Amino acid sequence: MVPLSYYLVLSGILFACGVTGFLIKRNIITIFMSIELMLNGVNLSFVAFAAQWGKLSGQIFVFFVMVVAAAEAAVGLAIIIAVYRTRETLNVDQVNLLKL
Amino acid sequence: MQPVATTFFFYLLSGAAILGGVLVITRKNPVHSALALIMTLLAQAGLYLMLYAPFVAGVQIILYAGGIMVLFLFVIMLVNIEKVQKQEQFNKQWLVGIVAAAALGVLFVLVYMKGESLFPKHVVRLAEESNTQEIAVLLYGQYMFAFEIASLLLLVAIIGAVVMAKKRI
Amino acid sequence: MTPSLHLVLIPILPLIGAAVNGLLGKRFSRQAVATVALAFCGAAFAMALWIALRFSSLPIPLTEYVAPWIRAGSFQADFAFYLDQLSLVMMLVVTGVGFLIHIYAVGYMWEEGGFYRFFSYLNLFMFFMLTLVLANNYLLMFIGWEGVGLASYLLIGFWFTKDAAAAAGKKAFIVNRIGDFGFLIALFLLIKHFGSLNFADVFGTIVENSTQYPVETAGAGLLTAIGLLLMVGAAGKSAQLPLYVWLPDAMEGPTPVSALIHAATMVTAGVYMVARSHVIFDRAPMALTVVAIVGTLTALFAATIGICQTDIKKVLAYSTISQLGYMFLACGVAAYSAGIFHLMTHAFFKGLLFLAAGSVIHAIGGEQDMRKMGGLRDHIPATFWTMTAATFAIAGFPPFAGFFSKDEILWRASQVSLAYWGIGVFTAFLTSFYMFRLWFLTFFGEYRGDQEATQAHGGIHATGSRAGVPAPHGHSGIHESPKIMLIPLAILAILSVMGGWIGAHRFELFLAPVFSSHQTAHLVALTSEQAGQITAMEHLEWVFTAISVAAAALGLYLAWLLYRDRPQLPQRIANALGGFYHAVANKYYVDELYAVLFVKPVVDGSTSILWHGVDQNVIDDTLNDSAEAARDVSDSVRHMQSGNLRSYAGWVALGAAGVIAYMIWMGTR
Amino acid sequence: MNGAAQVTPQAVEYIRILPEIVLTIFGIIIMMLDPLMDERRSQRTLGAVGLVGALAAIVATLYQSQYPGVGFWGMVNVDSFSVFFHFLVTAVTAVVILTSYEYMEVQQIRAGEYYGLILFGAVGMCLMSSAVELVLIFIALEISSISTYILAGFRRRAAISSESSVKYFLLGSFATAFFLYGVALMFGATGSTSIAVIGQVLASGQPPVLAYVGIALMFVGLGFKVAAAPFHVWTPDVYEGAPAPIVGFMSTAPKAAVFAVLLRILFEAHAPGRLWLIWVVAALSMTLGNIGALVQDNVKRLLAYSSIAHAGYLLVAFAALPANGIPAAMFYTASYAAMNVGAFAVVSHLASAGERYVTMEDYAGLGRRSPLLAATLTIFLLSLIGIPATGGFFAKFYVFSAALQANLVGLVIIGVLNSAVGAYYYLRVIVVMYMREARQEVPVSPVPLGLGVALAISAVATIYLGVLPGRVLEYATRSAGDLLR
């Protein structure tokens, strides 16, 4: 059997992957995907903890996280389209009218 | 059902998940990134199964891989992918970014090392056969209110998506 | 059952006046505005007098609860007013002198635009000032304390749309906030340790638990800390070293404002606060010593600057700072009643001096430079005679009011340390010198002003856009002020002459119930050796008096010599002294020093404030540097704001890593 | 709790979510009316419906306060604490709708979704303050966040508005992921997502490392939402780009709600190791906010930095002892809401079409052109400085006094120094308004009724809190007692 902490380390790695992606990518859509990656890292640890405590509430939480992720995806992609319309770019480094 | 060769499957699936994750953030083409993300999601669904969460695994495949990622692909197609692709993909200070993220990752790992005594060697076995039913009871019982209010969340999301995406206001 | 005095009416009446004038004044005629302002202010004065007349039959101290205010847990503060001998004196001074200055202002401001606004602010000021002196707890006092600052800011800054006034108003406001922060922290400490801000509760606790709150001779304790913080607040409001810089600039305001706020009442709030908190100071000898030293040094320092000023109002401003120094010296040697006595006489003669100066300025069409005055004695005799009374009073000649109070302070100071006394006497000499210098320059000799300017008031363009200057009148020549301005002058002149005749001793006896606890500390503050000296010196009091009067006379003589007899001498002396004179004439470059000391290292937050308050003409270069520095710091903060999403995320991630690392460390400790 | 025994919720439990129900219903009404009306009519009608909804929610809140207790199997808890924040959020909503009334017409924005989203957002904020289960807190937080993401991008004609929206959205989701990870770790450490249970577990013994990290991550997520340094970087950009009334909304109502969540998590759940964490974050927020504001010329941006600083002052109360800190924090949120909503109402009126006039220059001479408006803004600015007789003074006073009672002398000194620095830039606006001549004439249209009422409410609330803070503070003290019990 695989110890629980292995799952948790994996979730940490996925989360860190997401953070890295957020920090280094230029394309807004990929940045958004990085957020999904982070959320998946979180979900994995929820399921793992649910298994540790033998409580289903962890799995329920994952279910709600997915709902929220779906909602965020819908809104986020719409916002991205709006930005693309006004700017003709998806490069975050060029989305910087507001500063200082 | 008695677990079979869990160690093997764990390493296989987690390897796939990590590989997918790394590909998401290293591919230039957003379509490739999206496909890599789908790989991660599927691998994770497998891991959920190993953690006695078949319902969540199913939702993961249907909702995440099937719904959200398709939405992503749609949007990628919608915007001018040629132009997007030509743009430089990485920040000049990507090294700094990786270092910061790695620091974060190390911190998480550190947590699990420090908290090792906290975690049981073996997870509690949950009933898999009745999993979906139990979740249903919880969702429509104890979590009823959260479940209902989530519909409001989706309503807001729909309105928001329509507002942001429509051409004129 | 104590008789209800409706003390609340005293502050409320001016507030009503302010509201009426502020809201409706625009539609009123000038007469109506003046009537409203005077009526409400006068009513407050009348009430104060009525209370003073019944005072002996009242159970003192008397607390009047108006309404509950804040009750949160154990902490409680109410709208409540407190009447004892001290607040009675303050109340009479504030309403009395305030009323007179209101009358004067009607004449002075008659020609000005925004007449109603001016009186609205003036009444508002009275409201806050009376709240301050009548409050029964520190919190309400603080409300008044900040309120008078705000009113003063409005009156200095809002009145004139020119930049100097705006800058002066801002400087006053911000320097005061630095002082206030000391005051506030003192209040927090009081809440923490006494759970209350009521005077009665706090002082009662301290007096009753003398073992818990001993006289902190050995080392600095809680009460010393509170005392020092209160002193920071007092130094800000009462323009003591090192926070005095705002007061001279505040002279940009109209002269009645200078008289009321920056001479007679508001600036003395710090003295009142220290005297009110005497229970705390009595048990904190170190704080008391600081008060005394700050007071002495301020008195000396400001007096030396006063010698070289040429602007008539600036001389008076520095003189005010110097006199306030005397009051703090008195408090610092635990002679609170002497300090309050001087506060009262000072209110009379300094108020008078400002009003008379205003009358002079008014007479010659807005000129404030004394070098351009002279020989005005015959033109404006009424002003001359009242000014003379005030000058003799401030110089400390018997039997004028200032003599009694200043003499008492010096005598009490001499019992603690001869150094205080020595500096005090020297300052008295300087005071006499610069006041008579002012007197001679203004009223004697030949008129040195531009005759043309006074005829046609054309000089207004050169200097006359200064604040406080009435608009040019239709008539020409040097002219006496209208009666409505002269009557207050006359009354204040009488008070300046006779105000001291009550005698310091009788005044002290009157205030004794308030300061009863001070005796113990006073004695403790002295070493036994000094106590021995006191008895030896007791019969020497008249010697000390003689010396200080002689000092004043010397000042008079010197001023006569230099500015009347041989007017060319001052320039020669100035040349001989060279650098020193220059330093003094430029106010010791304190503004500049502040710029260098505080402004350059803008890392400290408060610094970026001071630079804007620093005099712009003299130190353009330093100023530019400091502006740059402030910009640099602010810029480095702004660089977090690159506009780049990823760098933002980087900050968040970095912060998160820091927070997590810290929490892991906490958790595994 | 006893999900098996009780199958359907009782009537009283619906009362415990009554304001939310009312707001949702009115939101849906607006969404249904919107397509039925032509553009011109819809502006006024839908605004009126939204206002009625917000007012009805206030009434519902007052009614609800008589039925305290837990509802829906331990999901929501109506106590005086949550009623306080319900009232605050709904009142702010009403005032913001009043402010938007004119703004929407001037900016020519279609109103339907706008008012709907404000009401839905308010549902999320209300729920945040009464939710006692992390699942619900999370969903409520998302409802309020998603509404504000979209509202921030509502000035579709301006490129900066959509930029503000996308920045807010991406960073917000980023922070949400941190919050979620924190919740996951908390669940792992305690085996529950109910705040009460977590509190019991954490109080019963030495909390595991996992709980510490969980708190840290949740704090990152919530700190982002309240714009506490170093998670504040989004604030100036987003506030500058978003529509002015919405900035007034999102700098107060969601912040208040998140502070409520933070209070519950930190104190009701007995979060460990909070002291120095909050100490540093509070000090950083105050300092960075104030220094950043010093050289700003855009008034919206200036107020954004100021809101960072105010988040810092507020967090000072969190570092204090709960018995003093909670009421101080509650009082601060209330008075901050009053003055900030008011200030942004003035800003949104002056901005005029396309938000052209938002720099310091444009405020020059306002004191002469529009004395009443300038005077009102002066009241709010004085309150933001913390001058007595305004709410801002007592807010700071209580916060610092609470901190000093917890012996946080250093933090108090930093705070008071910072408020002295802060005086400078607020004063700059006042000075510009009254003492500078306008270089070019900026038109000021007369104040319409709705805005006038909004300003009056904010000004009266600011002064009320400054003159008679007693009742609010007493109430807050009582709720703190409820919360800690």
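The chains carry the letters A, B, C and D, assigned in the order they are written, with residues numbered from 1 in each.
In this text, a contact is a pair of C-beta atoms (placed from the backbone, for glycine too) under 8 Å apart; a residue touches a chain by one contact, two chains touch by 3 or more.
Please read all numbers here as calculations on a predicted model, not as lab measurements.
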{"item": "Selected pair, greater C-beta contact count between A-C and B-D", "value": "B-D"}
{"item": "Most distant chain from chain D, judged by the mean position of its C-alpha atoms", "value": "C"}
{"item": "Centre distance in Å when chain B and chain D are each reduced to the mean of their C-alpha atoms", "value": "31"}
{"item": "Euclidean distance of C-alpha centroids - chain A vs chain C, Å", "value": "62"}
{"item": "Separation of chain A from chain B, taking each centre as the mean of its C-alpha atoms, in whole Å", "value": "7"}
{"item": "Gap in Å, rounded to a whole number, between the CA centres of chain C and chain B", "value": "68"}
{"item": "Shared interface positions of chain D, touching two or more other chains", "value": "135, 139, 142, 146, 149-150, 153, 156, 165-167, 170, 174, 185, 208-209, 213, 236-237"}
{"item": "Where chain C touches two or more other chains, by residue", "value": "638, 641, 643, 645-646, 649-650, 653-654, 656, 660, 664, 667-668"}
{"item": "Shared interface positions of chain B, touching two or more other chains", "value": "91, 96-97, 100-101, 104, 111, 114-115, 138, 143, 146, 150, 153, 156-157, 160, 162-164"}
{"item": "Graph class of chain-chain contacts, one of line, ring, star, complete, other", "value": "complete"}
{"item": "In the complex with chain B, residue positions of chain A that touch it", "value": "1-10, 12-21, 23-27, 29-30, 32-34, 36-37, 40, 43-44, 47-48, 50-54, 56-57, 59-60, 62-64, 66-75, 77-82, 84-85, 88-91, 93"}
{"item": "Chain C residues touching chain D - in the complex, by the definition given at the top", "value": "68-73, 142-143, 146-147, 150, 157-158, 161, 163, 166, 170, 173-174, 177-178, 181, 184-185, 187-189, 191-192, 605-606, 608-609, 612, 630-631, 633-635, 637-638, 640-641, 643, 645, 647-649, 651-652, 654-656, 658-660, 662-664, 666-668"}
{"item": "Complex contacts: residues of chain C adjacent to chain B", "value": "646, 650, 653-654, 656-657, 660-661, 664, 667-668"}
{"item": "Chain A partner contacts - residues on chain C that touch it in the complex", "value": "638-639, 641-646, 649-650, 653"}
{"item": "Complex contacts: residues of chain D adjacent to chain C", "value": "166-167, 170-171, 174-175, 178, 207-209, 211-213, 215-217, 219-220, 223-224, 229-231, 233-234, 236-237, 272-273, 276-277, 287-288, 290-292, 294-295, 323-324, 327, 382, 387-389, 393-394, 397-398, 400-401, 404-405, 412-413, 416-421, 423-424, 427, 431, 434-435, 437, 468-470, 473-474, 476-477"}
